[in-house]
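Next up: the structures, one after another.
Both of the next two complexes hold subunit A, though its partner changes from subunit B to subunit C.
Coming up: the complex of A and B.
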């Protein structure tokens, strides 16, 4: 494997025990209260095309037990080296093997969505978590969210939000208890749509 | 003590190593995404025996951060052995602040009770669970119970509750009362009294459950529907007492019976010690605590 030119690796999480706890708690908050926008870690070096929220998420939660799949448009040698160096995670070619899959709402081809692992009725937790990188949460179209974790109704306006992704997410909700959990990773913030959340446009 | 200022800590922050915490955190995230479903996890040996809350301790260790304030209760009480030892464990291995006040806590680890004080959105309740599988005593095989959950086949539990009615005239299950989560998964709420089941329904706080020996984690996101199983003609009811708390006079709390002597004398006291102390501090007095100024007359 060609590792490319020899360059000093970017630094990972500073003070990992505390930083990864902070990131996890924010992700936990986002997943248990769908539609809630939580901050991404500040001052984090990001490899290749990954943004801060996605990098922080992977550094905090990925390790040798979690195959990571990167959409071809964001996969490069620097990103791969960075993730392997800091987390030891395998970077896989087949998205069906991934525990964490990462794509970019602007540039990725979304044909892969239906190949992600959704678990099975006896083991619904053996499913992928999908990170979609976006710009922010001030998009023109707001999604209306209902379901566990939401008092009555929540709104979320990911920017950008491809139609293919919304349609897939609505179909994904109907697979419950199977399904993929979706994380929107913006540059400086993050929000989540677990498989339980019903989405109306 | 501030953990970050100690020179060379004996353990990693909050005892568990980072890889274990990541594994537990990933299980917690899946548990939150599938409310009421038991996620298997690679439970570790903890420096306390199974049955002492090793599941809850592992969940707390994965969740707690240096800024959090921890409260630990055992049967509602802050000062029993289990609660004291777990509180000290985290004070020592994570250097976190601890409290006995429900309202001051960020994370509350509990054995077999939900505090009487309503919980807020910014709090997390961590349950210690002995047997996470509600169907286990009806069907011992994991392969079968897993299939029953997959097929949403919960008739066996209704038969069990029906047999209660046939034998006793009412549903005799009083603790670990099974509940249906978000109209899908049947869940064992851990051995809390059924008195506490209604508090789980649409609770603003996040609820996490850890079973150490059985190696299962499950969760209830905030504002999630929790329906205790019942029948139309035998609706779910919680316990009630003719007595009031002997110390604070509360009429609406879960009461423990305390035997006072061998002459048949007894008293009832709130199981939630913090709630009881808070009421007494406000001047409420019960029938066995009437030495000084009374602010509330208790009708007996």
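Coming up: the complex of A and C.
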């Protein structure tokens, strides 16, 4: 048991019951109305390279039944300890086993995308949810979104957004009912692109 | 499940956490005033109440069975220098769990503050001895008299 201050977990959510409920509700809103930007929790300590929205998302939704995969560039001891201490989730090496996969749009290598679990036609819910950390939603290239939960069309401009990710997300939509749900976690806000959303650049 | 071998430090910490858990909030509060009053700290995990399954073995050696659930309160704190402490106590007293966690961290930080635990341990021993003595006074010996029949 290493109890050194450098790798000790940080504080979790304040008023965990209410705070995680709030985050759950916000994520639900983001997923049911793709393109909607919802706020992330304020005053939350973030371990390692995770940002506030990603940390809040994982603290609220991860538990011992949801293996989490962290892209190698954002994986470190402190982040692992923090997640394990507060949620009890296993942190796995193979992204194919992950229920939640986390990567950074700026620094991660996106070769892993096609290894994520997409479920199968009988069990489409056995798919991964991908969490991409970005800077904000005021990027130069706007995505036009259509599909369930969107009145006519919605616009979302994640910054930055790698081309590989857009191409993968468009192919992912065609897998419906299988496929991965995508969450964009900016520092102070969050938006989602569920597998049903059609994306045009 | 086999218990992992503990290092000497861990064994000592475990023993101290036990002493803290067996005491009460009222007992610990004055000692905290003495050893840690005004020490800044933050919660890693706010005090929270939950249940743990208590398991037993018939006669200490038989099959394992679930005896029942027990209310437990736990808390984790971090002192300003980064030292982390954990407290697990029975019952629903959040402040007790918090104090147990604070002392756990304080002992890691400064070993000399743990001296008062002897007082608590002696109190526990006196209570146990007292109870044993009361129980012993009511001891009944069963024996069968010779019935005098041929």
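In this text, the second predicted complex is superposed on the first by the 193 of 201 C-alpha atoms of A that agree within 3 Å, B and C clash if a C-alpha of one lies under 4 Å from a C-alpha of the other, contacts with A are read in each partner's own complex, and residues count from 1 in each chain.
FYI, contacts are C-beta pairs under 8 Å (C-beta built on N, C-alpha and C of every residue); 3 or more make two chains touch, one makes a residue touch a chain.
Since this is a predicted model, take the numbers as computed values, not measurements.
Colleague: Give one of first, second, both or neither to describe whether A:122 is in contact with subunit B, with subunit C, with both, or with none.
Modeller: So A:122 only meets subunit B here.
Colleague: When the two structures are laid over each other on chain A, which of subunit B and subunit C touches more residues of subunit A?
Modeller: Comparing subunit B with subunit C, the partner touching more subunit A residues is B.
Colleague: Would you sort A:196 into first (subunit B), second (subunit C), both or neither based on which partner it touches?
Modeller: first
Colleague: Does the superposition put A:14 against subunit B (first), subunit C (second), both, or neither?
Modeller: second
Colleague: Tell me which partner A:110 touches in the superposition: subunit B (first), subunit C (second), both or neither.
Modeller: neither
Colleague: Mind working out whether A:86 is in touch with subunit B, subunit C, both or neither, as first, second, both or neither?
Modeller: second
Colleague: Touching subunit B and also subunit C: which subunit A residues?
Modeller: 16
Colleague: Sort out for me which residues of subunit C touch subunit A in the complex.
Modeller: My answer: residues 10, 42-46, 48, 76, 78, 81-84, 108.
Colleague: Where on subunit A does subunit C make contact in their complex?
Modeller: It comes out as residues 1, 3, 5-6, 8-12, 14-16, 85-86.
Colleague: Which of the residues in subunit B end up touching subunit A in this complex?
Modeller: Those residues of subunit B that touch subunit A are 4, 12-13, 18-19, 21-23, 25-35, 37, 39-40, 62-66, 146-147, 149-151, 182, 184-185, 206, 219-225.
Colleague: List the residues on subunit A that touch subunit B in their complex, please.
Modeller: 16-18, 20-22, 24-25, 27-28, 31-33, 60-63, 65-66, 99, 120-125, 127, 129, 148-151, 176-177, 181, 194-196
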